[in-house]
Amino acid sequence: MSDGLGEIAVGLAAVARGFHARGWLLGTSGNLSAVVQREPLRMAMSPSGIDKGELQAEQVLTIDEVARVVGQDGGKPSDESLLHIRIVKERGAGAVLHTHSVWNTILSDVFAADGGIKIEGYEMLKGLQGVRTHEHAEWVPIVENSQDMASLADTIGEALNKHKDAHGFLLRRHGLYSWGDNLAQAKRHIEILEFLLETIGRTLRICVQVI
Amino acid sequence: MSDGLGEIAVGLAAVARGFHARGWLLGTSGNLSAVVQREPLRMAMSPSGIDKGELQAEQVLTIDEVARVVGQDGGKPSDESLLHIRIVKERGAGAVLHTHSVWNTILSDVFAADGGIKIEGYEMLKGLQGVRTHEHAEWVPIVENSQDMASLADTIGEALNKHKDAHGFLLRRHGLYSWGDNLAQAKRHIEILEFLLETIGRTLRICVQVI
Amino acid sequence: MSDGLGEIAVGLAAVARGFHARGWLLGTSGNLSAVVQREPLRMAMSPSGIDKGELQAEQVLTIDEVARVVGQDGGKPSDESLLHIRIVKERGAGAVLHTHSVWNTILSDVFAADGGIKIEGYEMLKGLQGVRTHEHAEWVPIVENSQDMASLADTIGEALNKHKDAHGFLLRRHGLYSWGDNLAQAKRHIEILEFLLETIGRTLRICVQVI
Amino acid sequence: MSDGLGEIAVGLAAVARGFHARGWLLGTSGNLSAVVQREPLRMAMSPSGIDKGELQAEQVLTIDEVARVVGQDGGKPSDESLLHIRIVKERGAGAVLHTHSVWNTILSDVFAADGGIKIEGYEMLKGLQGVRTHEHAEWVPIVENSQDMASLADTIGEALNKHKDAHGFLLRRHGLYSWGDNLAQAKRHIEILEFLLETIGRTLRICVQVI
C-alpha cells in the first residue's frame, strides 16, 4: 500500500468484506475503487484474483490513469480497472463499485432485449443521489458483455453520455456498476440498486424456458 | 447525543445494525425512534442519510414534538420523523421502527388494491402484543406513499384510528412501520410482521405481469 | 440459572443465537430445551418472551416434569414446555428444539391435507440418526395447531407413537419440532430437516391461490 | 492433529465455518480436504459427523491413500474420503471441497436426465481456473448417488476422464464437488459454481410436479 491510500484502503476493504458476506462478490468476482487524487489521477483499486471476503487494506493497489500500478512492486489491479477509470472521468465519481449478485445477473439477461430496466415508483429510489421522490423513473442501461476492456470502456462511455442521469448500469450476465461522490455514497447506490433489482426479480413470474 | 438518551441510543443503534445485516435497512433506508420523555415529548431518532449498518449511539438525535433537533448542534433527523411522532401520539408507543425489506415492498404493492393484507391462522401472530391465539386475524393496512410528510402523517393517523387493533401498516412500494411499548416489543413486532409477509409472499404464485 | 445447568445452558443459548441469525426464531418465537437429569426429571428450558438473538445462559430456566420452574425466583418457561416434556418421555430425547422458519411454516400448510410430508432419496437424510442411505423414506407428520397445550401434548404423543421412526414433526402453520440424544444431535436434526423442507419448497411450483 | 498439518488445518476449518454460515454444510454434511504431501500421499481431511460451523483445526485428521487415519488415535474421517482421494489422483488437485446447498441439490435432480448442466455465457465462469471468457461453456456432470464408496469413486473417475475440462461435478440429490491446485482456488471454484447454480435455478420456471 503506497502513501496517501491509508484510510481509503481501509474503507474499500471493509466494503469488500461486507458485500462478500451478502454474496455479491463471490469467487474473487467484482472490484472496488476510490479516487486518491485527481491531477494526476491516482486511484485505490482492489487487486485481481483476491478473495474479497478476506481483503485487507494492505492489499489495495494504487493505479494511474492508464491502470498501471504506481509506487509498489508486484500486485495486479483488477482487469476492469479501465472501466473504473472511465466512470471516474465521465461522472467525476470519487468511488466506483462493481458487484456480481444472483439477481443483477438474472435481470441483466431477462431485460437485455430492452436495453435497460426502468425502475419507477419505489421509495428506495430516493436513496439515489439527487432523487427527491418515489415518482422518479430510473433507467438502468444494460451493456453487452465483452472481454475487450478498451472497447468495453468506450461502449460504457457512450452509454453514460446517452443516459446522463443514470446512477448505475448492468453488464449483461456479468454484473452491476455504480458510483458516487465518495465511497459511502457509492456503497449506498449499490445497496439501493441491488435491493430494487431483487424486488423486481422476485415480483416477476420468471418463465424463461431454459429447460 | 444529549443527556438522557444514553441507553436508548445504544439500543436503537444495535437494532439498526442487526436489521441492516438482514437487508431490511439497505442504502440508508428506514428509520428508528424511541420515546425518551413524554411531557414535553422528547424522542431519540435515527439521523437522516446515515448507513444503518454502521449506526453508533453517538449519532442518534433528540427531537421534540414537531421534529426539531433538541440540545445538539448539527444533525438532521429522518425525514419521516413526523410519522414516528404521529404513531407515538396515536398509539402511546414507546418505540417506532420502519423497515424496507424486499418482501414488504412487494406485498405492499400486490395487495394495494385491497387496502391491506389480512394475516390469519399463523402461530407467529401470537408474537403481536395482546394476541393469544393463531386464530387471530391481523389486518395490516396499506397506505399510498407520498412525499408530503404532514399530509402523510394525517393519512396514517386516520388509518390508525380506523384500524385500532393494527400492530403495523405498510406504505405502498415503500416499507413497513410497526411499534411497541418499548424497543424490545417494537423489534419483536417488526420481526413477526416481516416473517409473516415473507411467508405469504413465498406462498403466493406471484404472477404479476411485469414483462 | 440453578446448579447443574451450567454447560447445558451455555449450549442452548449458543444454538438459540445461531438459529435466530438464520431467521428460524424471529420475534421471540421457538424454544429450546435439554435434559439435566432424568429422575426426577429436570430440564433446561428457554424462557418465554425472550429475544432468542440475545439469549444468555443465565436466562435459561430449570423446570420439572410438570413444567414448574425449580430453584429460581421469577422467570416463565416457554408455553410449549409440556410439548418438550412429552417428547423427552416418548423418545428418551436429551434435547428438543423447535423452530419457526418461513419454509417449515409454508410446507406445514401445503401438505396438511396429506397429514405429513414424505422425504425420500436425498443424501441429507443420512444426517438423521440411524439412517444409512439416501434411499430412506422419512415421514414428517403434520399435526393441527392448537392453543390447548395439554391436549396438543396428547395429540403429539399419539403421532409419535404412530410414527415410531420419525425424527421430527410439524405443527400446522406453526413450526418444526425435532430432538436428539443430546443438543448436538438435536441441532443436527433441525438443520437437516430445515434444509430438506426448503429444498422441497423451492422445488414445488407453489400455486396455492391465496389472492 | 499430526505434524505438518498446521496451517492447512487452520485453513480448512475457516472455510468450513464460512460455508456453514452460508448454509452449504448444514447438519454435519459436506467435507473438506487438502493435500499435505504427495509421496506417500497424506491428506488433511475433515472428520465425520462434526458440526462444520464449529470445526477447529485440531479436529482435522491426516489420512493416507486408502483413507486410513495416520499418526493419531481416534477420529473417523469423512465417509467420502475415497472420493476426495480419487479426485486428487485424477486431477492432481491440492484441495477438494464438497458442499450440500439447496440449489445444488435441486439442480442435480432437475437436470439428472441430461447427465449434466451446461453453463455458458456468464462472466462468473472466468473464476474457474483457465477460463478466459464468458463465452466458455462449462459442463457440470451429474453422477447418480450411491452408498458404495468404492464403486462411486470408480464412477466419478470415469466421469472425470470423460470430461477432462470439468471443474466440478454433482452427485444427484446429494451435492457438489469441486477442487483446485490449493485451498484458495478450490474455495473460489465452489463459490463460482454455487453462484451459477443458484442463478440458473432462480431463472428456471421450476414446475416439477411434486404435489
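Should a chain be cited, it is by its letter among A, B, C and D, assigned in written order, with residues numbered from 1 in that chain.
Everything that follows uses one rule, which is that contacts are C-beta pairs under 8 Å (C-beta built on N, C-alpha and C of every residue); 3 or more make two chains touch, one makes a residue touch a chain.
Because the structure is a prediction, the values reported are computed rather than measured.
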Target chain C, source chain A, minimum contact steps: 2
Turning angle required so that chain A lies on chain B, C-alpha fit (0 to 180°, nearest 5): 90
Separation of mean Cα positions, chain C and chain B [Å, integer]: 31
Distance from chain D to chain B - Cα centre to Cα centre, in angstrom: 43
Junction residues of chain D, two or more chains touched: 110, 205
Topology of the chain contact graph, where touching chains are joined (line, ring, star, complete, other): ring
Chain-to-chain touches, reported pairwise for every pair that qualifies: A-B, A-D, B-C, C-D
Residues of chain B defined as touching chain A within the complex: 23, 26-29, 51, 53, 100, 102-103, 105-106, 109-110, 145, 147, 171, 173-175, 201, 205-211
Interfacial residue positions of chain D with respect to chain A in the complex: 18, 22, 110-111, 121-124, 127, 132-134, 184, 187-189, 191-192, 194-195, 198-200, 202-205
